[in-house]
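In the two assemblies presented below, subunit A is common to both, partnered first by subunit B and then by subunit C.
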Partner chain A sequence: MSGAPDRPDLIGQRIPRHDARDKVTATIAYAADWAMPGMLHAVVVRSPYPSAQIRRLDAARASAMPGVVAILTAKDVPHNTLATDVPGQTTTVGPLRAHLHVLAEDRVRYQGEPVALVAAETLEQARAAAEAVEVDYEPLPGVFDTATALAPGAPRVHEAGNLLAEWRIARGDVAAALAGAAVVIDGEYETSFVDSGYIEPEAGVAWIDGDGVVTIRLATQVIEHYRDVAEVLGVPQNRVRVIGTYVGGGFGGKEDVTVEVYLGLLAWKTRRPVKMVWTRQESLLSRAKRHPYRLRYRTGASRSGEIVAQQVEIVGDSGAYAYLSALVLLYSTVTAAGPYRVPNVAVHARVAYTNNPPTSAMRGFGAMQVVFGYESQMDRVGAALGLDPVHVREVNALRRGDTLPVGQVIETHVALPVLARRAWDSLGEPTPPRAPHVRVGRGLACNLQPYGRIVWLHDWSSAWVGFEMDGSLVVRCGAPDVGGGQASSLCQIAAGVLGVPLARVSVHISDSALTPLSGTTTASRQLYMSGNATLKAARELREQVLGVAASMLGVAAIELDLVEGEVRARDGRTLALKDVLAGCARASVPRSRLAVYHAPAGEPIGFMKVGGPDMAPHTPQTLAHGPAEPGRGSGKVFPDYTFGAHAAEVEVDTETGVVRILKYVAAHDVGRAINPTSVEGQIQGGVVQGLGYGLLEEVLLDEGVNQTTSFASYLIPAAGDVPDVQPIVCESGEGLGPYGARGIGEPPIGPPAAAIANAIAAATGARLARLPMTGERVLRALGALDGKDG
Partner chain B sequence: MIVRFTLNGRPREVETEPHRTLLDVLRDTLGQLEAKEGCAEGACGACTVLLDGRPASSCLTLVPLVEGRRVTTVRGLERDGRLHPLQESFVAHGAVQCGFCTPGVLLTALWYVEKNPGADREQIRQALGGNLCRCTGYTKIVDAIEAWSRRATAEAGP
Partner chain C sequence: MIPFEYHAPATVGDAVAMLAARDGAKLLAGGQSLVPALTYRLARPGVLVDINALPLADVVRTNGHVRLGALVRHHVLEESPDVRRWCPLLAEAVAYVGNARVRTLGTLGGSLAHADPAAELPVAMVALDARFAAVGAAGSREIPAGEFFRAPLTTALAADEILTAVDVPVTRGAGTAFVELARRPGDFPLVSVAAVVAVDRAGRVADARVVFGGLAGAPQRSAPAEDALRGHEPTPERIAAAAHAARRALRPETDVFASGAYRAHLAEVLARRALRTATNRALTVEVR
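Right, the complex of A and B next:
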């Protein structure tokens, strides 16, 4: 009964996004643009101390202030424990038991930890009352770095101890391989705390809808947090609805809960609409950051440049709560040896609690910090052996059929040698130094980044595609759009399959009550997962409609095509789509289709095994993972990976230490570029965020107290700080997404810091091992400054 | 106090406290939500408006200071329901991702290029220094501005 194969005419087209016009005219209602009649304004009272006991909390005076409608503290929260396990459409989270208190009870563990909520008639009144909430804190000793946190006798952030999670991989005989290596390179690297830094602060409005459902409209990457709100309120999950807005940037920072639980509580208690918008200062103070890492690499290579062993130690700072730290660390562990075939690998990774701000998801999710380590090492191996940077990577690049250290077999094409060569060659003629004190050099860095969720999470997404009676098309999908063109790609896929002009497609997204759930806009998974669900729904709908048209015309469906709003038969006859849709009604054939896409699933691998005396499953925030058990499970952790190679040309001012990027080329095998403009945008945006990570950005903490709570002190790249980024989009067609697409949201942020470090080394001979590579640190590495790095 | 100014060509009169910012008055009193608050301290540029044709951070502009002046937001760029060519260029070049910075970027670019018709990419980048974008990496924003600038310059003739 199936029609002729659909022709993906729209795939690969540079189509302006459906929402671009609304965004240049600013008619999109972002989370903070929403208002309701009788709406209250709410603020969070936060701890000024990074580690303290709450001796007394008294809101009596604040409650009596003008306009104050509600002040909530821990005792007012029906269920004050919030699970921060993996959110989304997952059925199995394995051993994770990450929890925190919605509002602090007797203890605060980081500066900015929420202690109370205030709702008042005006924002000014709410802020004044928040100031008047009396909290008597007794400061306690804290730990502010991982070395102290993991040392015996350190103050405990949580009762069960400061080691939050630990992963190990052991493959081959590392000691023997290192002993036999022609060259052994030791390196220690340090990466920094950084912030997502989206321009839209966290915001939302909640109300109790006419049917009694708690409804929360907010900027989020994860509408499935409605379940967390329900759990906190103690109501069934179907009594909470989350409406996700078009998001003003996410990057992982809107993956964990932000305002939704507070808003749900306040709307539930006050029975009035409530709005909460975080200030920039609040966002920079309290939102989860990227984990800073200390990395220690020992790399052995043969004379011809083959890596024979990698020994890697990773220590990450989780801050005060677990959030997704254990999984971030897992990503690091699995990718620690880079996109290379390495026969002998030992990885030991730990993440520890401190009294610093919590860390959790951020674009790259643990697979990104380690790039700075393994690509710095790779460059040093090449230099030690006198090998060209491209050649040393070509020699070692993974190929289809190779096995990652964790035991996962690479099942798709790896274009790494081609990507590296093209990126490097695209730098063109070398730029001559513009002054005697300026040095110019080039660096290369490659990476691999998983896309899609860990296979034992059993991820899925669903989408609904249907025709209106006039032949216009509707797509419904729960996917939040964070600016990557998530919704637009779904339109493009459905319109292409069903032969409908894009102007005749409407897409409804990100509503937990009204759109089929699709899981999180994280893990570079939305095009892959929801793109597949939409493609499946559209193809099934096409078959349904062409089946009816076939009966109407008395031909086989295979003779028919759906093009430009009509059904065309091979014999030249046509039917208007709306006539066919009327025919569907007469034939009792639906003109819509709901489809579910299930990602490849797998079982937890051996080292996921949890247990032992250090496991305290009922203590909030405690996770502990046992050592690897080689031979257990298939070794498959992720559905697939995206590979990339970046090349940078930089100039180093040896008088000021300032590094300027002259040229930057970023090549990725994206499988298939559904919309090349969007793909390039992901690459260019990810690179610049990575350049910020490499050169500028650093959350500075003084004993847990944040010194960078404004955009005047937390510097993200401005237009003048960065060059044009030249993307190279390679299409192997080998991805698991629609038409062979791979995820490209996260991969481009991985290589920049390493590419710059390698370019600085090429220019000056100095090896930068700590991020960000500020002028001061560069001068220090050049030997122009004395003293310890501050 | 009463403050009178022109907003996108229309005279407006608002009753306000003198300590309120133009951004608050635009958003909360006049319902002009196109100016966004990203940092409330003049560092991100999301709240940019044109004040007598020049970019200003409306989050730092106390509303009495706009008495008698011309305020332009991105809603003032369309003519007869048609996008300004710079807006068209942003759409065509994929210069918009999340869109939160877009209104401010458009206004700064409009001001700069109208004043400096032959601006090169580096000059455009420097001019955008007060408008942060976290999504695009700026390349396509500069593409869009440069393309519009070239076309506008060509149309204006020698």
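Right, the complex of A and C next:
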């Protein structure tokens, strides 16, 4: 018994987000806005040294200071080990285990590593006491770059050695293909440490609720970290609750634990509400960054521009702890050859420990750094063969049915040639240079970005959709909303299926106790996963309700539709939704539905084991080996990919090296745009962040000591740096999300750096191989400035 | 919050008395530097003396000078017809300061007395040979701009002195230009250059002043550049030689924003651009 197919009237509509007005008028209570009676204020005592032994830690004097209620050190933490491998609702991934101490025990490995926690009546008292905690450090030798870290005899960050993880792909015969290639291009590229740079630093409040449950309200991308808090406290997982707030920017920086474990510990010990808000300096100092990479590419192409071989070496800096480094490196390994069909591929990827700040998830998650490598190479191949940038990419673009080097078959449409052509053509007429010392040029860069989690994580999401008695609709879903419109999209999907005006929909999200768990808002997965769960719940609810209405009207359900809050029959009769809902009660049919969406699952490829000191012993891993057989399929790593093409026109001041973006176009196949305004926002935001990566942002470290701990020295793009970004939204309908949508949260951050580098090369002939491309580096590349790279 | 006393005197005399009476008292004008310093706990003064009520916000054209009160806001400098006509270098320089919000509140006196080595207005004032009026417990005095800036965040003002006004000579028969480069628009510049070029009837440079900001602890006049120009026809080659001479005398340091070598290179490029523009302006009726 099923109703007429739902008409997704609301899909594709530019609907203002329900939370937009509240955010603009500052009526949303973000994590740091929360306050409770009797609330304490907490701060973290951090190591000033990047590598040191803790010889003595004495909090006696600090404990006696006015207002101090608790000072916790490692010995006060019930279980001082935190697993950091895979956040979310799936944590069993075999031998991949990454750990760190909640509070440092006898050793600190990076500047800013937490050593103690202080809670006091006022923030000033807490800060004063934190400064009074006496710690005797004995500085130890450290390693601050991957080359040193991997050299024999290097000081060890962890006892078992500095190599954290290693992946390999070997497909076809790279040596033979390179030997037979018409052109071989060698390139070395270097990407930088960057920070998420969100406007909202890490913040939260914890308290013991009336029922004894440890409750933590914070800004997070992963409410499932309640389990980590429970593990650390040694209490059952059902005694900890995480309430996620609207997030003022996540970008992966709020994927690992931030303040929740500290807050849980302090609330547990003091039995009082406790607040912790990191300062900007603290966030920039200690928050996990994006991995800086050294990339080495050797690319071979035929005379007609077909890429015949890619040989890629990747070395990433994990900083002092593993966090998600092994998986970030896996993303890089799988996507290292780009969105192209390349028959012969060898990838060797390593990530090493150093005494730099830890690196972990950040928007793009390892599929980003390599874009700078493979798209710079693609441009150089085109230039060497005299092929235009669009053509050389058209010739090589993946198509449905092609096999990625790792062995995964592309099962959905790839719109790359169309995207590249449209982006390039949309630049319009060339801009003439405005002065003799100015050159103008254009660059193109394409990418592929997985969306959804690695298939052997067996990802799932759940959502609950229900009618109130009056016909208004409620959506409950654990998904955190990080500003991408996650909650709004769920409303749009449910409202469309159930024929309810959006104004009559309420959504409750991001509460581990009260909303069904839906997993992390990461991996561009939330619309895909929770959108599907919500769609499923809404469709099943629609069937339930129309079934009851069919009985009431004595017609088949297929005759009925749900529109604008009433049930309409083909014969013209209508029933008020309220009456149908009363009918549901009489017929013992629920007015709600809980649905679970399971992503396509798969088995680990290769022997899924990575190693390192805080993991199992290191073993090099070969992901794929042998010929790239079409249809082989055993190498499935991700559910699907989103493809994009960006085109930029820049001007380069050849006397100062300064690069200014004149035009920027970003085209992505998003499958289906549920809300085009939100999609364009994701594209524009991703481009801006990607331009920051390309031109401005760099965490500068001096022997592990961070030199850029304020927004005066860590330069994120401001209004004056941002060009008019023209998004092009293509809809192939081929995605795995609701109505064929693809993930678009991460993909747009990938291409900008390469697009700009290629445009600079076109304008000046100079090839920039190191990020960010500051005026100084451009000038050096132009040969107009001598001396060492600063 | 860290407690502090707050006073808002109505007269310069009262303000000076408060400064003299209390160690570590700080003046609050536009707050564009002080308030962030308080927020970051870089400054923890026990006493704040808010001088916004003092009558120091006028722009007055006097005999051969424009007299600017210390509380003249940046946006007033940017927009004032007197400033734009009689000392256009100031209007050009101040447009680079921060953003519209900063220029709405920030004050001339605050920027000069704060003496950030990369700030624009000190550079312009040295280039224009302005004179600073200060009032202290011991009385009033005048300080030439060239002697006012001593080191980063350090001026010739005594602890009990208030900068009350600046006398800027009217720019006559000269062209001026201010050029700078920052990593991002609105940031403190890596390098700034102010140029003042007077050309005589024979088409030769009668006088030139070239002042750099951002390269040292205080604004730096470049004698080599000025000497290279004075008495010569300001041809593009002559200007390039002057800019090059300026660079050879500079030893800027490396910091997180740029290397010393890049700063020195920029100094030459920007000096050349500033001198070209100033010369062109000197040769047109614009400033006559």
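One rule holds in what follows: the second predicted complex is superposed on the first by the 761 of 790 C-alpha atoms of A that agree within 3 Å, B and C clash if a C-alpha of one lies under 4 Å from a C-alpha of the other, contacts with A are read in each partner's own complex, and residues count from 1 in each chain.
Simple rule for what comes next: a residue touches a chain if its C-beta (ideal position, glycine included) is under 8 Å from a C-beta of that chain, and two chains touch if they have at least 3 such contacts.
Given the structure is predicted, the values throughout are model-derived calculations rather than measurements.
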A:Ser472 touches, of subunit B and subunit C: first, second, both or neither? neither
Dominant toucher of subunit A (residue count), subunit B or subunit C: B
Subunit B versus subunit C as contact partner of A:Ser426, first or second or both or neither: neither
Which superposed partner A:Gly249 touches (first subunit B, second subunit C, both, neither): first
Touching partner for A:Leu779 - first (subunit B), second (subunit C), both, neither: second
Partner chain(s) touched by A:Thr148 [first = subunit B, second = subunit C, both, neither]: neither
Subunit B versus subunit C as contact partner of A:Gly720, first or second or both or neither: both
Contacts of A:Thr574 with subunit B and subunit C, given as first, second, both or neither: neither
Footprint overlap on subunit A, where subunit B in one structure and subunit C in the other make contact: 710, 712, 717-718, 720
Residues of subunit C that touch subunit A when the two form their complex: 1-2, 40, 99, 181, 183-187, 254, 256-259, 261-262, 265-266, 269-270
Contact set on subunit B toward subunit A in their complex: 33-34, 36-41, 43-44, 46, 73-75, 78, 83, 87, 90-94, 96-103, 106, 121-122, 124-126, 128-142
Subunit A residues touching subunit B - in the complex, by the definition given at the top: 14, 16-17, 19-30, 32-33, 196-201, 246-249, 251, 277, 279-280, 482-485, 677-678, 680-681, 684-689, 710-712, 716-720, 722, 724-725
For the subunit A and subunit C complex, residues of the former touching the latter: 124, 281, 655-656, 658, 696, 700, 707-708, 710, 712-713, 715, 717-718, 720-721, 774-776, 779, 784-788, 790
